[in-house]
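Chain naming follows the written order as A, B, C, D, E and F, and within any one chain the residues start at number 1.
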């Protein structure tokens, strides 16, 4: 089976940089896969697209070196299995709040006897290889999102769930849950929580990823020690690129007309 | 009929800034329409999508303040009419080389007796308004691309075609035609050609737009006096945004691990 | 944030007229948005289309004055959040049967601390505006469908749920539940139930909408005092329009051949 | 091969009633196919959709009794062959102006030696049957649109083209060409032209169809003797159906509030 | 209502042969519907496509003689109702483990008072006919998948659920559950389990179907007495067809070059 | 730039085996790309899908080792450039009849000064690599279809066109042109023509491919010396695979019931 490069980077203690797709277009997915990212995540929770589009995205990412990940819309066996069968090499699951939810989610990513996944790996077999069934449980990553007060309270026990590979922090919801609003990276309470979650994960040898929409947050989280950082989603990247170019032209226009 | 804001800006001698869609996704089109552009162009020539996707893009742009434009794949009445019927307020036509081609293209954007357009403006009527037939010929803009040696030789006569509203320069193909390659903005011969085309257009009261992929080229063309500039396409903007964020994180990672 | 015009109409005690999309096509959505409706509802329960199509519909409605609503396929946080993030300004949720279901549904439409919605409003931000997070809870409407015997029994307590904005009656299922069949508008028991539900809602200051497939039912429900009526879905409207024209032509043909 | 029912109706001197799809949705196509039409036309000229969508429409129509027709965007062998291969049983071609264009168009609908069609009938074989190649030339109908001044001048010679099956009148463009505007049915000059075209066609045993957007125009054209009438497109039918229901409700609302 | 031919075959004690769609394309669905299958199943569990695509498939199957079935991704009322409304004549539901799950699933396929289905049968009405509501409960088939250890333990009680029409065996998951791996048809324990399930079903007059990916397994299961067999999915059929032709050519090439 | 493996095979005098996609689904494309084919062709001429779907297919093929080819619907610069920009590494163009058509087609596949291709290689750059412009003219293959009487007469002069890389024989149309019908492989006149075309091509060092729908025709053409053979399209492969399995089951059923 094709090796999950995120696992290799983890072993080598090298950070993974992850892209995030909100705009559901296959060519965009392929472009991002050529932008020096280690992974590209298909976001079915907040990205305004559905499963038919997600398959195109996973196929497009497969034509690049980046590892295809997916954030499911919710924790259901049906959706998670469809994404894995479509070739995702890891699932980020939103709103996991307690140990039961963590266990159910983790089981959705494993075949029996370790989990509840149903067999029929369609594209997974093409992308992964013919020994998919034997090795998928060890290559596929399950990352539970920590983004509510309950999750913060339960994070230790959640990370004790053996089949759960790690966590992924959702700072916007977490900031709202802490009463700090969605853009709270500069607040020390936010940083404390984010650091605490990482320590809990690493103490158990688990993987830790985080979404870093705010400027410099990606750099900060690398220094804190996160295994994977997502420096903003595609819309943020596009807007930043557009603003730089449009502002330049508008300034030239202002100077020209004055 | 809804007024074509590009025509207003032209009257006010204000430059228009145009976005360019290569990644065919409706949400992306809507995001760009909220990025301080005056127009957004659906590119059916080099953009890897077809007409079904183009309609979604035009609908998405219609939900913003930006003027919806389209570059057709080629100069055929069938395709141009479909794009206008789908709500485009201007057509940029590639590879127009001589006065006959310019006349045929311009006629494709006008109803009889001024042109050859067939009646049935579907979305055009919804977006433009109930007096579409009476006013479309004056609101819809036809811009012929000047991007070959022949076009450069014929540009004066082409711009004498009454129903042609203006030109749009394609610097990559023009640079290749001049033997300078696709990235020739720094070459004085390129700037001379681009300046000459503008002078020919403005001498006849015609509109002049240009694609500006190279850094600072948008600013340069504003100063030269172009009416509309396109500061790179969506892929360039996305890549620039991605590079800035990824590079920052990778530098932090290099510092962290060292 | 863009104001929800349905809330304004409610304040002005003016009825809202709502269109209903079963045929998942963006141009159709835009056409209906120009047909003098106050709102247009994307129906993911019985409409034969999925989420990818629903996004196109919401974008198309956004290019018109009509308020974009959605009926979800079922009461799950994942689906409801996706629809709100995609720009829906109200959710009609089928088969809400008791106070617990009503509370869970209503919470799906509100951000913490009032509810359980996860932050990431994608198109919602574009359509609504930059203050979306602060104001969405007050602009987005949650309407629970009353269409079963249980719901009828529990309607008072359901409408006591503070975060629930109102109800929407599904007369076909309600008629079947009452043993009257799906087309029972002429039956006094049906009218009594529909009137009772409205009184319960209005007694609590809550919003009341209803689907009115039967002829004259829309008019009747306006007189009863419903805040929003849906005079049939798009298929019914298309069929009525087709029948009128086809019958005319067939009659002429019969006369001509005789 | 499945028989083309329009040919049967022609033999029986019975008028065919045709639906017209501008809103590219498969369920809509299937709904129209159950609305007592004899044929349903997929419109690629003014309908805002492309070929990928057209295939869905042709498949949906195939699940009904209606004959699947298509209007191509223009007269190219490539597009017409794709539509026939996708199962269309007749092609309506816009803007045929003279005998050469008529001959080229007609040849696009026939296999050698009668025409230029390339072999590979994909869905045509499924829908038509295994003897498709032997019988398609006699079942597939080619109808040239008469909608310009030139076409009006040349209609006799055009209809002398042996392989051309008939004509289809486009009254909007024809009205514009005659200087009467797109809604000129009430003008006697329009009726004279439409009657003349029919006489030319029937004198040569050719088929004659016409688009009848105006009220009562379908009935008029049946009486004149047209073989096929299209009583408006789907948008007109939907709008008429919507207006009837919305107006009723709005009147009730006005009465209720007064 | 159009009769469910699978029920007729059952009465006549004739086996039904079923096709299985993993590759979500409408033309493929139509091709399979012309390949001498009695039914064609749209697979939303392991097939890498979503609901928007499933509707096209169901429409395409409707243009053939084959009975349209669907395997849902999971047992939710929302998804099952959407598939039935879209015209499926039977639902195969994965991972039904006990009598409660069997009862909930069966109820999802029936209207009240026999079940919980909501009324609004869209395409079902077009495909089935105008008496759909009265007769659907008797024509639509609900088949619970037996594919886990729990299901094997509970199969008798599950088949006692009155509204459940039968079962469908998933041998890959069942083999894994039995510790035999996904390709265990040659193992006597597998055959014993498959025979036992059939006997339990037939003892109660219930329907029994099975997926037969392995060579000869379809023939074996016909002899055992299964009512419906699926001799591999579309990918297996395509691969077998490709291997035969490619191997022939490669052998010829090897001979030619030697 | 990624090397075109078909050119390598040609140098090594090894035959290439090519798959052919009529059923426009990305997963199917990926499955075929894993079936031991050297190339996979996207067929826009007879395949019932359009450009939007073609892009998905090319992306899916890119995730495999197979070389992505495309057959355009017709010889227009616009369509051919779109396919090349979308990543096709070769174009098969139907119905090329004489030297002028051959020259125009070949020029569509080359950048100036060798041809007329416009610069903007979108996906081509991602799939091919950053030196695409410098090397594409030598990697991209242009193959003119020989399938009419005229083409047969002109094949020598056509193959003298320097920029044309070779030919591809369409035996169905060629058989019809020769008066032998579409399935004429067993006729010696057909074999003579096919052999003659190959000799003309190889005499000029040009590439020769052929579609081989008939059984054993692929093997025959390998022995004759063709560089590339297409042993049937995907529909033929699927049908063959289905027939084998269905027939087996039906025979078992016949034996069982007798």
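One rule holds for everything that comes next: contacts are C-beta pairs under 8 Å (C-beta built on N, C-alpha and C of every residue); 3 or more make two chains touch, one makes a residue touch a chain.
Computed from a predicted model, the values in this text were never measured in an experiment.
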Practice task
Have a look at A-E versus A-B and report the one with more C-beta pairs in contact.
Solution key: A-B
Problem - Relative to chain D, chain with the most remote C-alpha centre - result: A
Problem - Gap in Å, rounded to a whole number, between the CA centres of chain F and chain C - result: 51
Completion exercise
dist(centroid_CA(chain E), centroid_CA(chain F)) in Å evaluates to 36
Handout entry: Separation of chain D from chain E, taking each centre as the mean of its C-alpha atoms, in whole Å
Key = 40
Practice task
For chain E, write out the residues touching at least two other chains, lowest number first.
Solution key: 22, 24, 27, 31, 48-52, 55, 76, 79, 122-123, 235
Exercise for the section: Using the contact rule from the top, write out all pairs of chains that touch. Expected result: A-B, A-C, A-E, A-F, B-C, B-D, B-F, C-D, C-E, D-E, D-F, E-F
Exercise for the section: Show which residues of chain C lie in contact with chain A when the two form their complex. Expected result: 50-52, 54-55, 76-79, 81-82, 85-87, 111-112, 116, 118-123, 133
Completion exercise
Note: in the complex, chain E contacts chain F through residues 13-15, 17, 19, 22-25, 27-28, 31-32, 35-37, 48-49, 216, 218-220, 222-223, 229, 231-232, 234-246, 248-253, 255-257
Problem - chain C-facing residues of chain A, complex - result: 22, 24, 44-53, 72-74, 76, 79, 94-95, 147-148, 170, 172-173, 176-177, 181-182, 235
Fill in the blank from the handout: Per the touch rule above, chain B residues touching chain C in the complex are 26-27, 30-31, 34, 55-56, 59-60, 62-64, 122-123, 126-127
